[in-house]
Amino acid sequence: MNDREKKENYMTKDTENIIVVKNLMKKFGSFVANDNLTFEVRKGEIFGFLGANGAGKTTAIKILSGLSFPTSGDVMVAGYDVYKERELVKKNIGYMSQKFSLYEDLTVRENIRFYGGIYGLSSKYIKEKTEDLLERLKMKDIQNSLISSLPLGWKQKIAFSVAIFHDPKIVFLDEPTGGVDPITRRDFWEMIYEASNAGITVFVTTHYMDEAEYCDRVSIMDKGRIEGMDTPGELKRQFDAQNMDEVFLKIAR
Amino acid sequence: MNRFIGFVKKEFHHIFRDSRTMLILFGMPIAQILIFGYVVSNEITDVRIGIYDKSKDHVTQEITNKIISSGFFILHENLNSDEEIEAAFKRGIVREVVVFEPNFAKNLERDGSAAIQIIADASDANTANMVSNYTQAIINSYVKTELMAQGMPYQIIPEIRMLYNDELKGVYMFVPGTMALILMLVSAMMTSISIAREKELGTMEILLVSPLKPLPIVIGKVIPYMVLSFVNAVVIIALSYFVFGMPIQGNLVFLMLETLLFIFMALSLGILISTVSNSQMVAMFISMFALLLPTMLLSGFIFPVENMPKVLQWLSSIMPAKYFITIVKNIMIKGSGIGIIWKETLILAGMTMFFLVMSIKKFKVRLE
Amino acid sequence: MQNQTEYIVEVSDLKKTYEKVEAVKGVSFNVSKGELFGLIGPDGAGKTSIFRILTTLMFPSSGDVKLLNYDVVSEYKNIRTNIGYMPQRFSLYQDLSVEENLAFFARIFGTTIEENYDLIKDIYIQIEPFKDRLAGKLSGGMKQKLALCCALIHSPDVLVLDEPTTGVDAVSRKEFWEMLIRLKQKGITILVSTPYMDEANMCDRVALIQNGEIMSIDKPEAVIANFGRKLWAVKSNNIYQLIQDLRSIDFIDTVFPFGEYLHVTAKDLDLDLKDLKLRLKEKNHSEIEILEIEANIEDCFMELMTK
């Protein structure tokens, strides 16, 4: 009972916080993957989630996106409890990863329609929004091309658009920019800014430390714990570092 | 040589650490044989037989007594003409008829040999085999204990005839068929998959860049599977012999040599498949559809070749398994030697050469 | 003759075509003995194709490629014994342990771990505590170290590393580059490809590659010196709006986000900072910061791309 009251408190008190994590623990046997994580992410924020390989990022993202249960702790995502309202959580988030995002053997249009369908959007709405989207991406001419025939940078832009097609409150991006050229990478970040400007919260992991500086706030994980969390500027001051790369090295080494 | 041993060792590590591979390698053959072994019973009791004694002398009398007192057989009727044999089988009670030739005892004394015909109803192929084997065994023991004991080189020549199913499509088909299938699976499919896996993982790039030449790579890949296939063949033969009493009339060494030849053939086929497939999936599909299904369906394993349409008959004649099955059947059941099956052996050897040359030619020292 | 032997790698007008796609469009470069040479560019630029041709795994469609003075087509066998190659995705046997992987690669190159232990010692010591663990169960950073050990175990003259730092965290990347620099000091020639622009600074010389063409090839400092124009970092309270607004200003040329700042170039040689600040204020920007800065490799790469 007490727990429940507490949770409701977060919701009402901090309506601006779209993700609220309190004392999150995740254990696999004796291995502690997430050790007492506590953080909030505000609505519309670009939140960088950094850490070394195996620091526990993936585990945490799986919990936040409703794919895995925490061992203990309170986790509210988009106003829903990840224990009890997993389906509602999933409805309100978008997800894009570097590895899996689009069906290579479907066309651009077919991919968009498919993902729209998954989230139960009406055909009419999907159709209208697809036109609009293709227009904005300047991809009208290639709407019937197979995804496999497109350059990586285009695929990533489409994948991102698809991930936020159903207007989720939060979008999780797992290393979205790996391997693309610097200009496309920046185009991509402009899309992220745009989404954030439109009120979508962006939760992003990346290995490019310079990309961490695009984020409003950054958390850096090491061995299952959050060892630093603030704006990039403040983190640099705090750790007396020239850039985020140094901050990261100071924390994770 | 050191390089090569290292390679083979690594290959065994892969095999022994993958439980799925192990299951396919050892679980499947044993399961297949056992399932079949239990489905068809291998005990016979109170089988009703008929005796057509054209001689009616003391020797035929003694043999008849031996057969009936063995406990396996019950004399259902005495027959008096060839027509009655057919009729007795048609009634469906008698499973076997033993026919003594005329002047049996006289022939035995004069020529040292006499003939017995054992006719079995092979519509139930398993029972027919059992029954005729038991009868033969009884006759052989009679020859040994009664006739040889007198120091005479007597000989009784049994002639076995299978009625209604003279090719014995049934249980004994199963062992050679299973052997062909398992060896094909282990040798061809597993080898092609394991080579394709290296391509998929990218380790093939390092192997190619290393001073290791293509031939040792291929042979190193193949040796473990050859050993395992051979072990499998031995297990299958042992199981079929001990669990459900399939005879091995021919020379065991000869049988194993022929098996080795077939394994070689399958391995070279596996390498050939791997040269054209870049992923485990592709290798698997090609093996499945180009090897296993045709082996099962067209080799005569399940459906008799002579009943197939002409086109399929022609297709079946390029199935290596068809020849192997013929070879195994001949050696195990009929006890044939190379004199009988040289043609099949030659065809298999030819196929092996062909696949080997093809795969060496197609094996790429580069990625393209 | 003497001149020729100085180069470990000689590539001249290399082209590679797959069916319809031209992946490498006439690339030329040389690498001297003991050099740490970087091929910097995004996915699909042609890095892997070039490396596979260098390591004799693929035929060039045209052009001359020599490694250690051997031709990659006709004399590929001589090359194969003398190079260490680490393909993308660290190709290790996932179901063999750390030690078994290393022992295997040592064996196929006809050597033993002990024989060349000195060379890999620095690196191997870091993964030795896990030597009985299966390679598939290692973290990305450890896999990378093991793969490097495997590529080094036969003491090759040339090391060819295809995107060794992709997908690996910043700490492991940094450690990896430190290892490469120590290996270079031991006289090994190293060719490495990477999509991370910041890693260019660790190389002696880099080739910036895009769409199968080398856009620039030089020492990292020289590449930067060749940027050739002024660059400003601009920041305000609303970075998204700032991008749009800067692009709408007539004398601004390029605007690229760069962390907290935007990197901006002007159409003319210089920029009227006062005017710029004024215009941004008109568009309701506050906390405006404008600094003139020096370009980095990534700026250069983008500059070359837009040329």
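Think of it as A, B and C in the order they're written, each chain with its own count starting at 1.
Keep this in mind: contacts are C-beta pairs under 8 Å (C-beta built on N, C-alpha and C of every residue); 3 or more make two chains touch, one makes a residue touch a chain.
Model, not experiment: these values are computed from the prediction.
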**Request:** May I ask you to list the chain groups that still touch, directly or through other chains, once subunit B is left out?
**Result:** one piece
**Prompt:** Looking at CA centres, what chain is most distant from subunit A?
**Reply:** B
**Complete:** Separation of the C-alpha centres, subunit A versus subunit B, in whole Å, is 61
**Mean-CA-position distance for subunit C and subunit A (Å)** = 28
**Item:** subunit C-facing residues of subunit B, complex
**Value:** 2-3, 5-7, 9-10, 13-14, 17-18, 201-203, 205-212, 365-368
**Prompt:** Within the complex, which stretch of subunit A touches subunit C?
**Reply:** 51-55, 151-153, 175, 178-184, 186, 189-190, 193-194, 196-197, 207-214, 232-233, 243-245, 248-249, 252-253
**Request:** Would you tell me which residues of subunit C are touching subunit A in their complex?
**Result:** 41-45, 139-141, 166-174, 195-198, 210, 239-240, 243, 256-260, 298, 301-302, 305-306
**Complete:** Residue set of subunit C touching subunit B in the complex reads 52, 55-59, 76-77, 80-81, 83, 85, 87-89, 91-96, 100, 103-105, 107-110, 150-151
